[in-house]
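Structures follow.
Okay, so chain A shows up in both of these, paired with chain B first and chain C after.
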Partner chain A sequence: MKKVFFAIMAIAGISSLAAQSAAEKGLQIAKAAEQADLGFGSSTVKLKMTLKNKNGQTSERYLETRTLELTEDGDKSLIVFNSPKDVKGTSTLTFTHKTGSDDQWLFLPSIKRVKRISSNNKSGPFVGSEFAYEDLSSQEVEKYTYKFLEEKGNLLVVEQDPVDPKSGYTRRVVTYNKDKGYRFEKVEFYDRKNALLKTLTYSDYKLYQGKYWRALTFNMVNHQSNKETLLKFEEYNFNVALSDEDFTQVALQRAGQ
Partner chain B sequence: MNALKKASNVTNGFAKKWAQFVIRYKWPVLIATIILSMGLGSKGAMEFDGDYHVFFSKSNPELEAFDALQEKYTKDDNIVLVLSPSNGNIFTKENLVAIEELTAEAWNTPYSSRVDAITNFQHTSAQGDDLYVDDLSYESSLKTTSEIEEIKKKALKEPLLVNRLLNEKGSVTAINVTVRLPGEDSAKEIPEVTAFIRNTISEFQEKHPNFQVHSSGLVPLNTAFFESSMRDLMLTMIMMIIVIITTLILTRNFFSTLATLVVVMFSIMSAVGFVGIMGIKLTPPSSVFPTMILTLAVADSIHILITMLQKMRKDGYTKKEALIESMRLNFMPVFITSLTTVIGFLTMNFGDVPPFWDLGNITAFGMTMAFLYSTTTLPALMAILPVKTKQKEEKVQEKLDWYTNLGLFVAKQPARLTLISLVVIGGLTFLATKNQFNDEFINYFDETVQFRSDTDYISENLTGIYNVEFSVGSGESGGINNPEYLQNLNDFEDWLNEQPEVVHVNAFSEVARRVNRSMHGDDETYYRVPNNREEAAQYLLLYELSLPFGLDLNNQINVDKSETRVTATIENVSSAEMIDFSKRAELWLKNNTPEPMHAIGVSPTLMFSKLGFRQADSMFKGNIIALILISLVLMLALRNFKLGLLSIIPNVTPVLVGFGFWAMYKAQINTGMVIVFGMTLGIIVDDTVHFMSKFLRAKRELNYNAKQAVIYAFETVGKALVTTTIVLLTGFAVLSTSSFALNSYMARITVIIILAALIIDFILLPSLLILISKKSDSKAKVTTFQPQVQLDK
Partner chain C sequence: MKIVHISLLVILVLSGLNTYAQEDNSKKTTHDFEMELEAEYRYFYDDALFEEQKDHFPSFAIRPEYAISWNKGYESINFKGFFRLDVDEERTHWDIRELYYQKAKNNWEFSLGLKKVYWGVTESNHLVDIINQTDAVETFDGEEKLGQPMAQFTWITQKFGTFDFFYLPYHRKRTFAGDKGRLRFPVVIDKEDLEYESSAKEWRQDLAFRWKHYFNILDIGLSYFYGNGREPLFAFDSLGNINAFYPVIHQAGLDLQITHDAFLWKLESIYRHASAQEFVALVAGLEYTFSNIDGNGLDIGLLGEYLYDERDELALNALQNDIFLGSRIAFNDTQDTSILIGGIKDLESDSTIFSLEASRRFGSSWTAEIEARIFDNIDDNEIILSNFREDSFFRISISKYF
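And now, the complex of A and B:
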């Protein structure tokens, strides 16, 4: 009996060790990815968002985003809508936070006012797309707990469980490319009932400044609604040297005009 | 007998040869039919389809319009869970916590895409230039009494909640679970969702016994269809027992009962094989096929067996002689009645409701096989089984029996009886026109079905279950932000809200008003649609940015933002009122808005509302064809054109009588009842065939005059007709206990029709036969009649 008991203990110990190391390894990978992307400062990029419904009908939107990297807290970003015509100039300013809800302001050119929006609606869709806010906001290590799943050649697969109870997901499964600065190749999103909801695939990667990998195509497929959203980026500009002054309410109003 | 034998024609000879063949090769025949039925049965499959879409053919224009709407917007099904706390107030901390819990659990529903409750309702409030978007009650356990009071105030003011997820008193609330079924296999997906929901409800009630929970919605509707199919299939068991008892009483012979049972079992097994081979998925109307086949098939066997046993008991035939004689006498009548029944059931294919195509085809196949087994398996089995009877001394009939008396009664006063019958039939026919179509699909289920009682509760206490939807176009891409469009949409919304049958309206103009107000610091004077296109478009973008998980604009707005969906929830009204409402709304749009906005009303409710009319229109042609075909069969079988034509009267009038009585009983008819004309025609024509053929035989072979021939017909087939009518009545009476109105109403009116057919065949038909033969007849006197001995039955 004793032998059996020890054997069980040993197995339990090994598996808990393995679990420990899976969590640690996952966290390490996430940190490595964050590290690899550190120091880009700021960037701007124009993009085209194409929404496609289950019947293949599409609608398009053109946007421009500016991002300011922050290390102490989440990044700041400013998004300007360039088309359709009747929303041209509408802009949002977002301060993501490592913990707690983000701050968001909106500028509407038609009434020429800045509105602050207080919402913890991270799981909601971003302007009708298949991307939720939480998919687009900056990827902070603190937002998830991790579990390393497997290694396939240069690809590392890590499960990430969101810490925020308001997240729309139970987990997401991220595929990193460890040889290419731990860039994301694919993310699978599992909804609250743990069913596969969406898959995001990154392609047309380009290396900027010899260090920063940026995918110029994001394709998000919703498996439950059969809708798709395609993001096509133009060239990134890393030489804009933006500062905090470019991410204020005044800057927001200026950007929209 | 000699006269009859002399007249034995080709068919009689064929029937005799057939019988001799079957008896000689009884074992091979039996084994062959066993292999056939087992072979077919092994291909059998019983799959069910509960999706309400099955009631609509692909070309149904209402379905096309509804599908088109669902293509433009998000297509989803739902489950509504309605919670009624015993204290009559939703807004207490305990109750809100319980609702939050159930909402969280409901997110785990398979295929769910969204759960809406009052607690997770996205409430927007504005203070100056700050907008606050938050769950109406998040983490309710931490709320203070005054906060909860505040939540109650907000909720009861919210047009998106009141009469939809919350009643006006705040005593009943709903959680709406939206599911997106992949639609690959409804037989798997729907039960999966239902099982989860039922389990969730029972766990919730265990934990919170102070809540009453009712559930409804499209998924429970589909489940109810599903379960009523299975329940109606179970009626087969009851019918089986009745068949055994009836056969035992009528034949008073164990082996005959056994043989009958084998024949009907084989017929049903073959039909089940047909279902499997054709890949038919059973629905409530088609799932009654085994009971139908049992009811109709048993008559064939009983006819053959009764004659055989009579020949043995009364006339002292040996078993083999009796069997051959019975086959000879019954082959043609059984063939013709099977043929007419098959024709009757096949006419269901003319209708526009696919489940009835299946019912018609399965039953027609089953009846064909029943004919085959009755003329092969049955005689083979009877030849094998040790049937013994004691020959009884023929009782000398002192008194004329009931049927002879009836014959004499009719023969005395044909003109008067004809007149009375026609007056009664005429009156009932007039009444029959008073029936109105009503296909309220909730009322398809009777009160014993939980779906019905729950849905009734919800209609009475919270919101409507029926709705009508309009996809209102603007005529240009992005045009929904055009202030003129928004104002017109707003007017339409207001008009809808003024209609007495409308419970709730969900229109995009409400969103436009709401966002406008939020953008102006919650100033109520801005609770109106924006009057500038850019403003409207940018508000819409803001609204889009604030939508929660699982919701997007596509629920209400099409992809290129040229059309929006208006949903009017309607209280329980009849189909006619529903159609009228939809027409009124369409007319209002025509009169008050520019052309692109002229939408038509669509919804499952409307589809069902129009189903009866559509079915009646399409069945009309089928019924005429059935009538012509069956009359032709009769003319050929009777070899008499005039009588074939005359047969139309006793064949058509029972249906008129049936619907006349129905007008006094319910006055509302549904889609299931439209098929009864073709179906009962095939069944009741048997009575006419039997009666007329005996009448003709008496005239042709025995040279009787019309009155004598009528009495002869009463004596020879009167009892057989009553017997088969009783079997049929029992069968349809069993079906009329179905909790599903398409089946139970159809069965109930069939009961009336079959009964009416017997009475008409006993009163009107003989009277007419006497009247039309009057001129050619000899002037025989009624008083000279002698009752005839039964010759061939």
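And now, the complex of A and C:
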């Protein structure tokens, strides 16, 4: 009986998949990934960014990021630079929006100035790294259209096309792990000419609070320039209980003072 | 040899402190010590207008910083010191830029001590910014400030914006270049000779308020200051003598920015009222950035601002009816290479000031800066600026961070 039941379930599953368009299935996976990460509230984490040029020379940056989860609109985040020392305290505050441009402020500690900056520059590199601003911003479902490509065991491969015409990409190909809370395993970025530009691989995953997967290593390789950027995260802290008041221009200045 | 020994000792002590600077998680107290050592060289290539003024200004500066924070970072004590050694004895000076205790809780923040506060949005002139006295001998652009004693209370609301209240119990006088220094008047002004309109002098208890909010793409600030002016008021008598003093002023300020796509539209305006003076001034302009032009991170920003000051020639910064055009070039490379070039031109005469500022990091703890200010065709009728017409200069500085 049990076998028969499973067989029926499998057939039902397959037929429902077939009935779904690739776009619907892609969207469903993105939503499942979003759903799996819901409810973390807020977190802080310190990280080391290592920039490697094509000759293998490296330079390092130390950063700290704070994130506040919002469900009705996109997340809020605050990034503080701790090194290099000449830019220590330089900080950014970002209010991500599900639709439309993000709001972003920059704090310059040397003259204590808070400056509202344009979030127009999505495709530009973040502090000389291989990460573009858009690679590091909050991953909202509404920012892409989707196309399911294939399933390989527990891995689901989905093409994502950015909605924003200012994006530096025609598409990204994201590999999800459906058995591990739909976490990202790999993202391939295709430039405006649809040539493979970069590959980002996630590793050293750790499960927090039995629910939230966080990769402690990000490795971004640029295939066109042969440059690399490695992000190494320290332990995430999910017990900070941050609120909206920790993501204001006043808090931005305090973080960078 | 002695210098080498002292340098080695300093480096050893600093590296010791750096180890100590690591976070101690058990006590949840964070210490942070940093130090910047800077060597600077300024060269004024035109013959000096006044006797005793020098052409070459090698200089050295040190900027130690210490911060201790606890209570998850919601409480802290912050210190920033400054000392410069220069050929001009007036430019040889020290200051406590910051030394304050701060506590933040929920929707308020309180600071007590010497602090620096910046208000405003424009690039070529900073009209609204009034809390701190300008360190006028330090830089030409007036962006360096002296530490201001204050009690500051900030109340943050999500719906109605942020309200800042300042109690400023002590006024600090502006320093002017000495005998050997450039960028001065024919008569050397000793800052101690400048008097106050207020009988309480520097101990006049001053107040300031600012409201800051944002609505979608609009950021707005409204401010009010009542107290000893930061800018001395210059009055010239028929014999050419300068009579200068610090008036008691009321100043209302507005700063506004609209951030739309790659455009930043900016406006700053003030209305200042004193018994001897009443005027309005404004800066209005825009900044547009072509970003990631080469797909490699090159950003080129274009800046244009119009400057107006009702004081006319008596405006201390000589920006009474001028236009500023500039460009900010950021390479977004690992060395953070950036260049800012620009020029301010008087619309009523040919007086023009060109400027260039460029900076780059070397390795992980060295930076170099180049600056040039060129005074061109300065009109003899410019009461203030005409004194600086031979004071075009180049500056190079190298900093090491510990």
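The criterion applied here is as follows: the second predicted complex is superposed on the first by the 236 of 257 C-alpha atoms of A that agree within 3 Å, B and C clash if a C-alpha of one lies under 4 Å from a C-alpha of the other, contacts with A are read in each partner's own complex, and residues count from 1 in each chain.
Convention: a residue touches a chain if its C-beta (ideal position, glycine included) is under 8 Å from a C-beta of that chain, and two chains touch if they have at least 3 such contacts.
These numbers come from a predicted model, not from an experiment.
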Three-chain arrangement built on chain A, chain B and chain C clash or fit: clash
Partner chain in contact with A:21 - chain B first, chain C second, else both or neither: neither
Partner chain(s) touched by A:168 [first = chain B, second = chain C, both, neither]: both
Touched partner set for A:106, first chain B, second chain C, both or neither: first
Touched partner set for A:254, first chain B, second chain C, both or neither: second
First (chain B), second (chain C), both or neither touched by A:128: both
First, second, both or neither for A:83, with chain B first and chain C second: second
Partner chain in contact with A:60 - chain B first, chain C second, else both or neither: second
First (chain B), second (chain C), both or neither touched by A:120: both
Touching partner for A:245 - first (chain B), second (chain C), both, neither: second
117-125, 189-197 or 243-251: stretch of chain C that collides with chain B: 117-125
Residues of chain A contacting chain B in one complex and chain C in the other: 51, 53, 59, 84, 86-87, 111, 113-118, 120-121, 123-125, 127-128, 168, 225
Residue ranges of chain C touching chain A (in the complex, touch as defined): 34, 36, 67, 72-73, 76, 78, 102, 104, 106-107, 109, 116-118, 120-121, 143, 154, 156, 158, 162, 212, 214, 219, 257, 259, 261-264, 289, 291-292, 295-297, 299, 332-336, 361, 364-365, 367, 399, 401-402
Interfacial residue positions of chain B with respect to chain A in the complex: 71, 74, 107-113, 122, 129-134, 180, 478, 481, 519, 532-539, 541-542, 544-554, 559-561
Residues of chain A touching chain C in the complex: 51, 53, 59-60, 83-88, 101, 103, 111-118, 120-121, 123-125, 127-128, 168, 191, 225, 240, 243-245, 248-251, 254-255, 257
Chain A residues within the chain B interface of the complex: 51, 53, 55, 57-59, 81, 84, 86-87, 90, 92, 106, 108-111, 113-121, 123-128, 132, 168, 192-193, 195, 224-225
